[in-house]
Amino acid sequence: MMGIDEHKKHAPKKISMAVLSVSSTRHLKNDKSGLWIKDQAEREGHTVVLHRVIGDDQVGISKAVFEAVQNPECQAILITGGTGITCSDVTIEAVRPLFSKELTGFSALFTMLSYNEIGSAAILSRAVAGLISNTPVFCMPGSFNACQTACKSIIFPEIGHIVKHALDR
Amino acid sequence: MMGIDEHKKHAPKKISMAVLSVSSTRHLKNDKSGLWIKDQAEREGHTVVLHRVIGDDQVGISKAVFEAVQNPECQAILITGGTGITCSDVTIEAVRPLFSKELTGFSALFTMLSYNEIGSAAILSRAVAGLISNTPVFCMPGSFNACQTACKSIIFPEIGHIVKHALDR
Amino acid sequence: MMGIDEHKKHAPKKISMAVLSVSSTRHLKNDKSGLWIKDQAEREGHTVVLHRVIGDDQVGISKAVFEAVQNPECQAILITGGTGITCSDVTIEAVRPLFSKELTGFSALFTMLSYNEIGSAAILSRAVAGLISNTPVFCMPGSFNACQTACKSIIFPEIGHIVKHALDR
Amino acid sequence: MMGIDEHKKHAPKKISMAVLSVSSTRHLKNDKSGLWIKDQAEREGHTVVLHRVIGDDQVGISKAVFEAVQNPECQAILITGGTGITCSDVTIEAVRPLFSKELTGFSALFTMLSYNEIGSAAILSRAVAGLISNTPVFCMPGSFNACQTACKSIIFPEIGHIVKHALDR
Amino acid sequence: MMGIDEHKKHAPKKISMAVLSVSSTRHLKNDKSGLWIKDQAEREGHTVVLHRVIGDDQVGISKAVFEAVQNPECQAILITGGTGITCSDVTIEAVRPLFSKELTGFSALFTMLSYNEIGSAAILSRAVAGLISNTPVFCMPGSFNACQTACKSIIFPEIGHIVKHALDR
Amino acid sequence: MMGIDEHKKHAPKKISMAVLSVSSTRHLKNDKSGLWIKDQAEREGHTVVLHRVIGDDQVGISKAVFEAVQNPECQAILITGGTGITCSDVTIEAVRPLFSKELTGFSALFTMLSYNEIGSAAILSRAVAGLISNTPVFCMPGSFNACQTACKSIIFPEIGHIVKHALDR
């Protein structure tokens, strides 16, 4: 029988992933950013095995991430929303402390690409990525444009390599 | 009666702010970088309600920042100086641990813009920004050029949005 | 008699440094990246007083770094390898917690320069720099190209200033 | 409609709680310590609304704790097992970082009471308690005697007050 | 001219101290615990140079502590109140992160002595002590009995030694 | 061939250990506390394979600890000195951040036993214990009496069990 890691290691190019939208107003049907990520992922040959909307609640976000990490079908987790600086934005506060390793370059690269698109407003967004127990997890803003930047320019081109490396000894 | 947050939330475009210069040699009259920030802020329609010079002392810096955070007139705090890597540079060590949320993009963006101006010497400077109890706080180097880069290209164009977001529920 | 710091402060332009390669397969003779750093450093007028290969072991890496920090001949430490995201990559986990001050710009700048060279694959690499007891320490990936980027574009042009600043009061 | 906190605040004397046993060998039927906690809690008038056995897995433990925190029926969480110092003991490593406030006295008091019973072997056990999002969580060793000490002498006599205080404004 | 540390080092037996009461309901005249600490301190030959009541506000508490640390007349700081586990109890959260060294024994000893007096209810109280920039700072509960335990049995008998040690090279 | 852990696991009752004295004035011949620990350990059947005096220097202490951790002959490390609260006391600051697991009960138990011997002066001493890469490390004060308390009452009676547990899977 294959353990979780063995299961995940298969299929380095075509990844099966979870899409979690953090929002207290959206739901699955009108989750524009989450649905776009799902569609785009499938267009690139990946599979979205889980699509959920989670409220702006720190414990709820952490729990949803842990569930996806433990799900043997989820080789990677993409989270959108809750990364701003208002009081209710707690995605980064919920997820970052759980990283065993942080992909330090993701945050800087996302800021740089955002700056090229929207100028100095880029500093209003926050984005982080890292590993939780060998599963790569990405947190990106909830805005449609930010998701496009993060997914098209960074995450989808590299997701296969990242999943593979994260499971290597 | 309006609480501190209510007071601060008004005036999203024209901000009233504190300018703190960290230096053991400068004083208010010859604080070139601090005075430039003050003048430039006012030229852009903002108000500087507080301009102080603070010595290179970790406790003194923290205390001055807390005082400004508690001042209902201060919607944002701009700190210049003490961000290098010599022994007496302790601004970042004093301020960063107080952030409830860090604007992670500010540091990366400042480094990138500095690199475009001065090349690899950009890594000798450090810059961070974040929220302390809903008040945005920016730490930038003491050099005149670094202040121009940080203020003109990043802080002044976004300070209104940042103040507004930081107070949103 | 000069203390360690006094000794290190001399020679601001020509630096004497340690090169540590983290790898469980390489040895001194075939350590391509380490040997290139050594040669390039000497070509630029610096001296490499120590060249070692250390296994992928967190305690072993920390100990080797402390030994170099305590060596009065080592004004700076360049570490290559062990910065990826596989299970055995622990260089950053071993070294970063030891920093008294982090050169926060190094990580962002390295990511940006890597992005210009290899595109989004830049986020698979990690790089950090900081001070341990007044000695600058740089962690960069083990790949030959990443070492060239980090050393030629960032570290070697600035190493003299960084060593000098790190020892200034 | 009552929110989670409102629900939990009722019944300050009779508490409804979760009992989580961390073990890779036990199961619900032979979970001696967990079953004793359950029986003793009920004998004292409390209710055990959840009794689970969780493997020695850091992510799995965190997830189970978050699930119980989010369960409106769980006013408190008692965890037994996985608190020693062997490689597979990760309960404290999984739970402690999640505390918003730690009950610092619980650890010291448990050590003192254990010392009175088993002498210096008390330092082989670890015990911590704290709040996760207003829910008190206690981690105690898996041994039957340690559970008796922690529950009879500390937790059960105070659980009502602790639940009430944790929900007070 | 004596610096702050020189000033503080004099008078190892008779200490001049600040008493800060954290409370959103008390004021100086009815601050029973604060007034008792003040009277008892003076009865033991010490001087209370500052007595303030501060609201349950994390920034306000930190600021008041920094002010007292910078006051050359304050050789030590005694804080009472805000150490429980309700939402508004934030004294320990405000003060502990500022310690450069923690007196780890104070917390354990206070718990033990409290246990001898009030039994298991001792775990509802929290108490910590440490140094902020060479000034000893003690946080104890706001209840009258807890202050008596902390001051009579631990703080007053040792305050002279602690102040002296904290200033020793 | 046995790895380090295999080597250390043998001899659960008779332990081979390192004794490190942190002091800027003592040397091996007049290191009263260190020599007593060595003699007492041997009297109880253990072996001291390493006895060193290290100056009050944070990097030097960390390096010495890492060397002992990597030494396959050292099944445990006992450190005496540098645990007070003067500026030069940095043993705990050097060692505690290196723990992968802390034996949280050691600090509380040492304080309690010290209190029974010297009363409230117990809070002037600090003591911590934990694991660094499977090797138990104990930090205790430099005073002769404190070493007797820590070693006779806590460390020597349990050192065999602790070494065994720390290596268990």
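Each chain carries a letter (A, B, C, D, E and F) given by its place in the written order, and its residues are counted from 1.
To be clear about the criterion, a residue touches a chain if its C-beta (ideal position, glycine included) is under 8 Å from a C-beta of that chain, and two chains touch if they have at least 3 such contacts.
In this text the structure is predicted, and so the values were computed from the model without any measurement.
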* Asked: What shortest step count links chain B and chain C in the network of chain contacts?
  -> 1
* chain B on chain D, rotation in degrees - Cα superposition, rounded to nearest 5 -> 180
* Asked: Looking at chain C with chain F, do both copies bring the same residues to the contact (over half shared) or different ones?
  -> same
* Could you put a whole-Å number on the gap between the CA centroids of chain D and chain E? => 31
* Two or more partner chains touched - positions in chain D -> 108, 112
* Those chain pairs that satisfy the touch definition -> A-B, A-C, A-D, B-C, B-E, C-F, D-E, D-F, E-F
* Asked: Can you list the residues on chain A that touch chain B in the complex?
  -> 84-89, 92-93, 107-108, 110-112, 114-115, 119-128
* Asked: Which residues of chain D touch chain E in the complex?
  -> 101-106, 108-109, 112, 129, 131, 134, 153-154, 157-158, 161-162, 165-166, 168-169
* Can you list the residues on chain F that touch chain C in the complex? -> 58-60, 62-63, 66-67, 69-70, 97-98, 132-133
